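What follows is chain A paired twice: with chain B in the first complex and chain C in the second.
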Partner chain A sequence: MSTLRAWRGPVLMIVGLLSAWQALYWITGDIALRSPADTIRHSWALFQRPAMWPHIRETATAFSAAIVIAVTLGMSVGLTLGFSRLAGQVFEPMLVALYSVPKVTLYPILLLMFGLGISAKIAFGALHGFIPIALFTINAVRNVRPILIKTGRVLNYDTSDLVWRILIPAALPEIFSGIRIGLALTMIGTVLGEMFASQRGLGYLLMNAIGLHDVDLIMSITFVLIVFAAVVSSILLAIDRRLHRRV
Partner chain B sequence: MTNVHVSLKNVTKQFQREGSGGVVHALGPLDLELRSGEFFAVVGPSGCGKSSLLEVIAGLSPPTQGEVLFEGKSIGGRVPDGIGVVFQEDASFPWLTVADNIVLGLRKIPISNEERQARVDRAIAMMGLKEFTNAYPAQLSGGMRQRVCIARTLVMAPRLILLDEPFGALDQQTRLLMGEEVLKLWRQTGATIFLITHALDEAAMLADRIGVMSARPGRLMDVIETGWPRERDSRVVESPAFGEITARLWKSLRAESIKAIGKADAAS
Partner chain C sequence: MKRYATPLRFLVLIGLFVGLEILCRTKVIDPFTMQPPTLIVRDLWNLLAAGKLNKAIAKTLSNAAIGFALAVSVGITAALVIHRVRILREALDPLFATYYAIPVLAFYPLLIIIFGLGNIPKIMIAFMLGVIAVIVNTLNGLDRVPRVMLKTARIVRMSPVETAFRVTLPYAAPYVLTGVKFAVAYSLIGIIGSEFVMSTEGMGFEISFAYTNFDNATMYPLILLILIVSISINLLVGLWEKRLLARRGLR
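Here is the complex of A and B:
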C-alpha cells in the first residue's frame, strides 16, 4: 500500500514528462526533435554499436574519478573549515565566490594545467562538484549540537574519536545532501569538459552531433545522460531521506 | 567522620565575553564537600552558575581559581574515570539505536564482551527500555531519550553521577516518577549523586542535602539537611518536614530570584 503511494509521484512525473515531450514533438516536427519512442529505440541501437563503448568508458572513467575527488576534497575542506572558525571565516567567502563564477571561464586555465587528455575533464568535473560538497559540509559541521561533542568528552573520546564517531555521523545527513548536489554538478562538469578540446567521450560525441545537426544522435545521448542522472539522483535522494528521518 | 568524595576549595569560574574582552563572573568563590554516597541537590535562580559548577566538577571546564579534588586527586583537563554526567539537553546520538547508544559508555572501559552485554542489559532493564532496544532516538519521547542517556551513564558504573536538570523538559508527573527511578538507582549503585534542579519540591523530595545558590556569581548561601531515610520515595511529600524544607528553600531563594530577574531585565 505505502510502497504503491511512494511510487505514484515518480511514475506520474515520468508519464507527464513523456507526454509533454510527445506533444512538443507533434508541434515542432522532425527538424528539431525526435519522438520519445524514436529516441528510446535509437538510444538502444546506439549502445549496441561497439564504436560507442570507448566513448562511454571515457565518460564513465572521468566521471568516477571526478566524483571521488570531489567528495574527498569537498569533505576534507569542509571538515577543516567547519572545525576551525578562523580558517572558515577566511576561506568560506572564497569558496562562495568561486561557486558563483561560471566555471567555463576557468576551463582554459585547467587545460593549460592538465593538458588535453582525461585529466582536464576530471579536474573540471571535480571543480564543479567539490564546492557544494565543501559548503554543505562546513554548514553541517557547524550545526552539530555542542552537547554531542560534550558527551564525547564525558565518554573520554580523543580528537580522532570526536571526528569519526561524533562529528561525521552527526553531520552525515547534511553532508550527504551536499554530495547529492555535488554529484549532479560533477556530471555536468565532466560532460561540459568533454565538449571542448576533447577527442573522446559522450560530451565530445554530443558536440560533434550538434556540428553535424544529427538530431537522432543529439537526442539519444542527451536522453541517456538524463536517464543516468535521474536514476542516480533518485537513489541518492532515497538514501538522503532515510538519513534525515532519524534526526 | 564520613568520607569526602569531592571537595571544592575557593572555586571561581569566569568566562571571557565574546569579542568585547570583558569577563562574566559566573561562579563563586565557593567551598563545597560532597560526602561519599550522599544525594546532594543544588537549587538556584536561572543563570546563577549551576551548570558552570557541574562542568567544573566534571572536569569539562577548568576553574578560573581554586581547586577541585575528586577522590583526593586534582581534576586535570579531562573527565576522570568514575564520573558520569547526564545533561539537561537530549544527548542521545540520533544515528545509533538505543542499545548502541548505551554501549558507547563502555567503549573506553576494558571489560570482557559478556560483562559488557550484562551491564548493558542491566541498564536497559533498570531504565525500562527493553521494548526500545533497537529503536532510534527519533522514535522515542523526550523522557525516554533522557532514560537512554541515564542508562549510557549507568553502564560506566560511575562512583559520582552528575545530573544537570535532567528532567527539566518533562511534565510534572513524569518528573516525579523519574525522581523515584533516580532514588532507586542511587540506592542500588551506591554512587554519590549531584543533582541540579530548578524544582524546589524535587530537591526537597530527593536529596539528603540541598545546596542553595545565590544569584550570579553563584555562591552557596545555605546547605539544608533533609534527614530523609535512605529508603524513601515520592510519598515524603506528605510529611510535615517536606513543607518546612520547601518553605525554607523558598525563603532563601525568593530575594535571589528577584535579583536574577532584575538582572535579566537590565540585560535585555
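Here is the complex of A and C:
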C-alpha cells in the first residue's frame, strides 16, 4: 500500500505531462510540434541510426570526463575550504557569486584556452558542476560534529586518515546531495557547450536541426535528453533520501 | 576572523588581477587568447562611452525583466493554487524535485521553431528557469503558515484572495523572497544564455558575434561587463533581502 502511495505522484505527473503535451499538439498541429507517440517512436528510431552513435558517444564521453573532474575538484576544494575557517570565509562568497553568474559568457574564454573540441566542452561541464559540489561539501564539513574530529585527534589520526575515515563518511549524505546537483549541472553545461561552436554531439545536432527545420529531430533529442536527466536525477534523489535517513 | 575575510577577499581578487596582468604582459598567455586586464577595462570604458552597447544592454535587461516579472507573478499565483489543491501538489512534487536537472536550454531550438527567432523564446527560457524556483520556495513558505492564522482569517470571513494577500503571503514573504532572488539570477542566465546560443541582438549575442570574428578587444570587455552587471544585481537583491529579514528579526 505504501509503495503504491509512493508511485502515485510520479505516475500522476507523467500522465499529466503527456496529456498536456498531446493537448498542445492538437491545438498547434503538425507544423510546430509532434505528438508524444510520434516523438517516442522517432527517438527509438534515432538510436537505431548508425550515424547517431558518434554524436551520442561524444556527448557521453564529454559528460563522463566532466563529471569526474567536477567531483574530484569540487570535493577537494570543498574539503579544504570547509576545514579551514578563514579560507572558507574568503572563498565561499566568490563561489556563490560564480554560481549565479551566466556562465555561458565564460565559454568563449574556455574555447580560446582549450580550442574547438571535446576539451572545451569538458571544461565547461566541469565548471558548471564543481561549484555546487564544492559549496555542499563546505557546508557538510562544517556541520560534522566537532566531537568526531576531536576523537580522531585523540586517536592520533593524521590529516589523510582524518579526511578519509571521519570527515568523508560523516559528511557523505550532504556531499552526495551536492554531487546529485553537480551531476545535473554538468550535463546542462556539457550540452550547452555543444550548442555553441561545436561540430559533434547531441547539442550540436539540436542546433543544426533548427537550420534544417527538422522538428522530428529537435523533439526527439530534447525528449531523450530530458528523459535521461529526469531518470538519472530521480535515481540519485532516491539514493540521497536513503542516505539522509540513515543518519 | 570574520573581520579579515572581506579585506582578504579583495586582496585575493587584486592578486588575481595583477597575476593575470603580468602573465599577459610577459606573453605567457598569448594575446590571441587573452588581453591584459587593464586593457580590457580601458576597452570596456571606451565601448561604454561610445554608447555602442546601449541598445544591447537595454535589450538584455528589458527581456530579463519581463522574464523575471512573469516568473514571479505566475510562480506565486501557481504556488497559491497548488497549495490548495492536494492532488496537484502530489503530481507536481516529483517534477519540482527533478526540475533543476532538466537542461531547460535544450527547449530553446523547439521554441525558436514555434515562435520564430525573436524575444519570445528567450523570455520563455528565462521564465521556465525562474518560475519553478519561485513556486518551490513560495510553497515552502506557505507550508509554514501557522494554522491559527488561517483559522482567524476564516473567522473574520476573508475571501481566499484576501487571505492570500493579507495573511499567507506576508507570512511567507521571506521564503518567497528567496525564490525571487533565484528568479533574478535565472532570468539573466536564461536571457544571456539563449542570446549567446542563437539570437540577433543583446549582450550574449554581441559576445558570440565578437567571438566568431576573433574580436577579442570587444569580447573580453563584454564578458567583464556581464559579470559586473549580474554580480552587482545579485548583490543588490541579496542586500535587500538581508535588510528585510533583519527588520523581521530573522537572522
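Observations, loosely collected:
FYI, the second predicted complex is superposed on the first by the 243 of 247 C-alpha atoms of A that agree within 3 Å, B and C clash if a C-alpha of one lies under 4 Å from a C-alpha of the other, contacts with A are read in each partner's own complex, and residues count from 1 in each chain.
In this section, a residue touches a chain if its C-beta (ideal position, glycine included) is under 8 Å from a C-beta of that chain, and two chains touch if they have at least 3 such contacts.
Bear in mind the structure is a predicted one, so any value in this text is a computation, not a measurement.
The superposition on chain A brings chain B alongside chain C with room for both.
When the two complexes are overlaid on their common chain A, residue A:33 makes contact with chain C while staying clear of chain B.
Between chain B and chain C, it is C that contacts the larger number of residues in chain A. In the superposition on chain A, contact of A:13 is made with chain C only, not with chain B.
Legend: residue contacts after superposition of the two complexes on their common chain; A:206 is shown touching chain C, with no touch to chain B. When the shared chain is aligned, chain C comes close enough to touch A:100, but chain B does not. When the two structures are aligned on the shared chain, A:232 is found in touch with chain C, with no touch to chain B.
Of the two partner chains, chain B is the only one touched by A:166; chain C is not. Of the two partner chains, chain B is the only one that A:151 touches; chain C does not reach it. Measuring only between alpha carbons, the smallest separation of chain B from chain C in this overlay is 6 Å. Taken together, the two structures place no residue of chain A in contact with chain B in one case and with chain C in the other. Across the interface of their complex, chain C is touched by residues 8-10, 12-13, 16-17, 28, 32-33, 85-86, 89-91, 93-94, 97, 100-109, 111-113, 181, 183-184, 187-188, 191-192, 195-197, 203, 206-207, 209-210, 213, 215, 218-219, 221-222, 225-226, 229-230, 232-234, 237 of chain A.
Those residues of chain B that touch chain A in the complex are listed here as 58, 60, 78-79, 81, 83-85, 87, 89-91, 93-96, 104-105, 107-108, 136-138.
The touching residues of chain C, when paired with chain A in their complex, are 1-2, 4-5, 8-9, 12, 32-34, 87, 90-95, 97-98, 100-110, 112-114, 185, 188-189, 192-193, 196-198, 204, 207-208, 210-212, 216, 219, 222-223, 226-227, 230-231, 234-235. Remark: chain A residues 145, 147-148, 150-151, 153-157, 166, 169-170, 172, 245-247 touch chain B in the complex.
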